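What follows is a short report on a single structure.
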Amino acid sequence: MKNFTRFESKGLTESLLKLAKIYKREPWRDHELGKGRRLGAVFLNPSLRTRNSLQIAADHLGLSMQEMNMSRDSWALEMSEGAIMNADKAEHIREAAGVMGAYFDFLAIRCFPNLVDKEADQSDDVLKQFQKYSKLPTVSLESASRHPLQSLADLMTISEHSKKDQPKVVLTWAPHVKAIPHAVAHSFAEWTLGMDMDLTITQPKGYELSDEFTQGAKISYNQEEAIADADFVYVKNWSAFQEYGHTPKVDEDWLLKESQLQKLAPEAKIMHCLPVRRNVELADELLDGDRSLVLHQAKNRIFTAQAVLATLLKQPTSIKV
Amino acid sequence: MKNFTRFESKGLTESLLKLAKIYKREPWRDHELGKGRRLGAVFLNPSLRTRNSLQIAADHLGLSMQEMNMSRDSWALEMSEGAIMNADKAEHIREAAGVMGAYFDFLAIRCFPNLVDKEADQSDDVLKQFQKYSKLPTVSLESASRHPLQSLADLMTISEHSKKDQPKVVLTWAPHVKAIPHAVAHSFAEWTLGMDMDLTITQPKGYELSDEFTQGAKISYNQEEAIADADFVYVKNWSAFQEYGHTPKVDEDWLLKESQLQKLAPEAKIMHCLPVRRNVELADELLDGDRSLVLHQAKNRIFTAQAVLATLLKQPTSIKV
Amino acid sequence: MKNFTRFESKGLTESLLKLAKIYKREPWRDHELGKGRRLGAVFLNPSLRTRNSLQIAADHLGLSMQEMNMSRDSWALEMSEGAIMNADKAEHIREAAGVMGAYFDFLAIRCFPNLVDKEADQSDDVLKQFQKYSKLPTVSLESASRHPLQSLADLMTISEHSKKDQPKVVLTWAPHVKAIPHAVAHSFAEWTLGMDMDLTITQPKGYELSDEFTQGAKISYNQEEAIADADFVYVKNWSAFQEYGHTPKVDEDWLLKESQLQKLAPEAKIMHCLPVRRNVELADELLDGDRSLVLHQAKNRIFTAQAVLATLLKQPTSIKV
């Protein structure tokens, strides 16, 4: 593993999950591993769970983490090659990332898509430029395309709460009030399918996800059919992918109800990556009931991040300026 | 002491003050006490002294502190139960505080009142929701109703500078240019009266504080009468409490002068919690003169915070997710 | 050295450079030096390199650093003596700096000029008030007049890349899209001339720097003449100094080209303090070519800051409140 930005293999994922579970029992067992090493954590977007779980994971490993909140602590970044920088951006990503490469041993980056330019978003151009110009091993803290640390924590949570070898996992679209990125949904599909899990995805017409991520999943436009006998229901909104970033009107009611689950999937656990819009994406009765795993998912963000950082720390670092 | 959000007892306060004075002499004596424990510090409002003194106190105890500046680093929080979150708030306090409960051992929270909804403010609903959903021991860094860490530092400062067993303490209203919360004034009254001190409160008509906090104090509408023979004069603005958050016009001049003190209370020391509006709340001649204890109060914020954190650390922690 | 805010002497600079080079090889050799000491780092302006290099330098020395982002984390500061604070500023620098004096052992301050009031800017009134009211040893992280940590890193970079005892150093004005402070240019002149280096400064009519800093340098209005046979070309924009903060129109093309260097100064290395406006101040072909030392300058910010902090730490500290 040189970087942690996407699903790589079933074997690697199994070893990360195994290590994460060890850290959950003994968080301080490798507290010397990061000594004298530095993690630069770049936030181009807000964060609560990601920021704090990464910080805790780094502390457990004795790794120094420095946060950089771009355009607030620092300078607004120009991302275009060859740009004539005569507008509002004070620094080019070449220099910003280049300097980070000179200052840190690892980089972690949160960079949401703009949901306007599909090609730029899906190519992860911002993440890739940070990697290219810093020349550092990089951890994605959610990029335009994926949210791998979330997916790993999701898999860990499923593994902890599953009573079956091959549980039925359903990813269902949910309503929202604004256009939301596809990263969590795509990433969840990529990781569960990569692990050969039984995944069903359900969404309204117009909200189909990218084939690149969903190949192998059962797809349904009928939420009730999809959730029947589900063991885990991952609830999440995303905007349209084909008509990129749009939010076509949905006539049916996609807000899941406890009564539906009692009828169709009485054993089902409810998952969400948070933050969640209560009573828009997910009803109070589900979030506050016994089915909800959302705080378990959030807690596991610490130990999966720690497993990823530890794995990177055990590898030889790149040579710097 | 499960939480530190208000005055509890004379005995507890005496032991906190005793411990704070020990830490002032030997700040590092308990530097192993917080090892492996985490304090989440939530700021919904700006802070200089509170933020830095808490950080220093935590460092002295080897306690890891993580700052969360809500709506800037993280997401804007919805506080209403049952809300349909279809507006601008991206996360509910149930999830935000729930996640903090999964990540930290203690919580510290700064949440100013809005000065519009008196009932909500005075019930400390924001603070209480953080406590309820995090299930963590909580330290108030100034809530709508109180500023207990400030009051404890104020008592420590009075104790260090008092030449009498029972000094005369006066809390006087001072002018300001905008509506200011009641927390510092109410809290100062609660703590001094709780310690059976001789407290006089003086303010213009319309600016009476809440009976809940001032019962036992002498109340006067005449500043000169009130400050006569004072040993400590705590100067502070607050908005109207009855006509909640309003700022009725005051005709007399309430800006204290050195000449008045020379005549009426030549021994008086001047106190203020800071930040202070110079020459609006308090004149340069008083802030810059020998009477001023304001930097001593600020310095003592470190050691009183340290005494509070140490006392919490010595108690069994709550079980978490 | 009581403070580090300007060039003091050739001897001190030589010893700082020597120490910085030692730290570059062995960053952790003095990791106990700062133990139990605290650095308050005040940012009134954005920062990437300065913030991160200072943090890394402090970590290497075991020195605790606390950042204060004024007007964001904390309160907007009033800077005028005797002000009646009835407008938008909530705290006076007397109290803010006074409290810092009670909380920290050292202060580091970034405070850009406003480019409106020349006298106030050039007297470094903001920096001096922080020094005066904190009573702490102070490090400038770029003030209105100077950027001494940058200049020290620049000298270190020249020293590492020079093939001659007395290289020809050129400071050239470059275009920009807005009014830029003089601190980097003035400081670079002050330090290179203080070290008896061969310095040529070139700029268009109207952009002459202050005599106070440039005395001893060769001055030219012809960029091509100036750069002939240069070993190091420091490229930087600044606004007019006489017609303070203005940006008179420049008709000639001052954007340096690789073809010019090949013809006039084939051995020349290119320097810039960053952030740089690509293709406005400095062309891609130069920034991305072998001549560029900009990432070396940025990297050396760590070790020069460390040398400065270590030198301050080795001296007796001031007595505090």
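Letters are used for the chains, namely A, B and C, taken in the order the chains are written, and counting of residues starts over at 1 for each.
The rule we apply is simple: a contact is a pair of C-beta atoms (placed from the backbone, for glycine too) under 8 Å apart; a residue touches a chain by one contact, two chains touch by 3 or more.
Treat the numbers as computed from the prediction; the structure is a model and nothing was measured.
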Rigid-body rotation angle, chain C and chain B, from Cα fit (steps of 5°): 120
Copies chain C and chain A - interface residue numbers shared by over half, same or different: different
Length of the line joining the C-alpha centres of chain A and chain C, rounded to whole Å: 39
Chain C, residues touching no fewer than two other chains: 72
List of chain C residues in touch with chain A within their complex: 28, 43, 46-49, 51-53, 55-56, 59, 69, 72, 177, 274-280, 284, 287-288, 294-296, 298-299, 302
Partner chain B, residues of chain C touching it in the complex: 36, 38, 40, 64, 66, 68, 72-75, 78, 82-87, 90-92, 94-96, 98-103, 321
